[in-house]
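Below is one structure, written out as structure tokens; the observations come after it.
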């Protein structure tokens, strides 16, 4: 695979550094506001995780980005162009998998892809077959190209959907829940596919309700909750927004807790003697000072750890415990 | 939502545009160049001097006689189910009450063809020299007659003996006591501008309110006839060209050979002139044997003696549906014509109210 | 598949100008005529004249005295079977199949979720409507031609064939009669253009293709019922089904073209109105399926 860096892609010169930008993007269905004042900034060349519980408005946002649904308010620009005004020139540069695959069951996988490719006015007819078979090979469906989609498993359909997004050279690929229905092997393949796309300089916008997925693949992420954006940035920025904890493993739990309190930390009350004592670490205190204080106080320290909060903690904190559908 | 309203503009505009085209067409036809003003005398002269004897065209005929549409009772599609005796009456009534589209092809006085375009069927009358053919595609029957040698020239001889001006004068003299003849606004018929000759009866007892005849400004050919009944603005009887071509029709059209499998009847003329083509044009064609005529002008009453087998009329289930019982017989009331069938079998008809017929019958 | 082994560079190449969508139209036709359903409908239509011919042949009574006269005349001339088949199929079978194709056009794509992928491919919404409509028109033509040709073939097989007697009583050659059969198939195709446009519009209203199909077929029946009621006479010239059976005017001598023209004009009116409605609906619709 040719590795062309992000700068080498066919981005227009006037384009900003953002592949997707929305301001105050809002969608209402009747009285219900599904997306509320969204301000997304997806940098070019990033692998951008779009995170949120089911029903938080991710798919509706993606539909608006791709011109399938009309925004009730706000503005969208994709690849530096206003949407949906420039739909016809922007979408050929965008590959998409939206809320699961959709194919004609009575056609074979390759016939489905050829059909969708012929719908793209900028796709040359001459290379269609070659591009279709390459896209199928790339998602590991080369063997099932001529099988009717009716006979595909859910995972195979999902791969076919991803293959559709790869039919033409793209500047942006939008993947809505790409690993749905895939087995662990398939999930790994998709992950490596996304990485290779990113290596080619393609901006990848991945939505998921699974945090681990985002954490493993993405450079950037945004978190949605009930139609609102609650966090956005690089993964490091997001992680640093979370808290750091110290974890002291000791048989002298009460004594350790006492030491921590004198340092100004709040360990709470240990659950049981012998359990770990934990406390949030303020930025003003260095971890080594705590260890020194504990040792000086005669606490038998068996283990000491500084734990940066996982994105999962952040995700739970931001979206509430519920991975349930937010109404 | 407010951004998308303009997408509905075409949907809103399309009917408006279509309406504009339709109405524009109507206005355009009515706005065609008006012919020069003429007096009734001049228009009649024009009509009488018309030399058009070669043309083809489509004629539409419709009636609003206040009778139910009897075509379902045994008209265009079901005439084969009637007995041959009843079918004459049925088809005559059908011709009067239903709407028809006809095509006529005329090439000189001896070659003509009239086609009545029925649904999925057609009735044809073809005259080629001395041969007269009647063809009905419904039951694949044809009637062939040979015209007597003099019949082909007789009507023309009398017409040609008069100049158009004389003919017009005579016509005006003939109708003068009972009828006012005026020229209405110019009209357009079959895309041609025409003079509208309006005949208004002076009589107060006739059912006819007026008769309008459109005379082609260019050729003098009558293009349409509308008969209006008292108290109605819609024509009770309407016949008009919808298209007219003055080109010579193809000679093949008059060369009729009954197709294989056709039931051909030879019929000697002239016993009954019931060719469907001409029975429909004259509203009161009284060609039945020995009629008695009383009254004058628009109040004329035609009386058929009892000898015409009244049972065939009164027993017809269709007639009993159409007629109402009155003192002294049954009456068939239409907007233009009243027919009284007396209990003793006489038939009186006229464009007058039933009281006039009863009075005439009582004499 | 990649027998030519194209280089990666050539696969990256893109058209500089957007194509007119001819390729997509061809692909749409291929999809339509690759469907088993399409073939089943065409076969069912072909069965109509075949059943008529076989039934008449078996009963072999010269005249049934019912129905249009030329059902009887097929025993005399097999070339009439196609026309008889069209006459039988026009009120119900043809609208049924056209309703299925036109009603399915957008709603079917929505139902299989292919609609959103077509739209982000991207095929413009107007272009998709036009291509879908044209495909439906091609189906109408295929349907009427199938009926006519099947009828003529079975007629030749079962009945004597010879010069054809027209409604006017004139007789025309076999060649002339085949031309007229083709014209009648074209007339029937034109007759279905309005219904196709209505089906397309209904199809943009729903994501349930069966509903759109049923609504289209029901409308075609309603129009014919209204056309037969004398109480709605003022409406008759405006009903899309009004001229459906006037193809008989093509069996006159000379051919009466006025009904062809009026029919075409009326159908064009329906195409414009319902095409505009479909555009209004579809271009402003949120694709949420």
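When the chains are written out, they are named A, B and C in that same order, and each has its own residue count from 1.
Convention: contacts are C-beta pairs under 8 Å (C-beta built on N, C-alpha and C of every residue); 3 or more make two chains touch, one makes a residue touch a chain.
Source: prediction; values computed, not measured.
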Going by C-alpha centres, which chain is most central here? C
One chain pair leads in contact pairs, namely A-C
When centres are defined as mean Cα positions, the distance from subunit A to subunit C in whole Å is 48
So, what's the distance in Å between the C-alpha centres of subunit C and subunit B? 39
Distance from the mean Cα position of subunit B to that of subunit A, given in whole angstrom: 83
What are the residues of subunit C that contact at least two other chains? 284
Identify all positions of subunit B at which a residue touches two or more other chains, and write them in rising order. 4
Where subunit A touches two or more other chains at once, by residue number: 70
Which residues of subunit C touch subunit B in their complex? 65, 68-70, 73, 76, 87, 165, 167-171, 230, 245, 248-249, 252-254, 256, 258, 269, 272-273, 275-277, 279-281, 283-284
Residue positions on subunit B within touch of subunit C in the complex are 4-5, 7-15, 17-18, 58, 69, 80-81, 103, 115, 117, 119-122, 124, 133, 135, 137-140, 142, 242-243, 250, 252-253, 256-262
Interfacial residue positions of subunit A with respect to subunit C in the complex: 1-2, 63, 66-70, 87-88, 91-92, 94, 96, 98-107, 110-112, 114-125, 127, 129-134, 142, 145, 164, 168-169
Tell me, which parts of subunit C touch subunit A in their complex? 1-2, 4, 6, 8, 10-15, 18-21, 23-24, 26-28, 31, 34-36, 112-124, 127-128, 284, 286-288
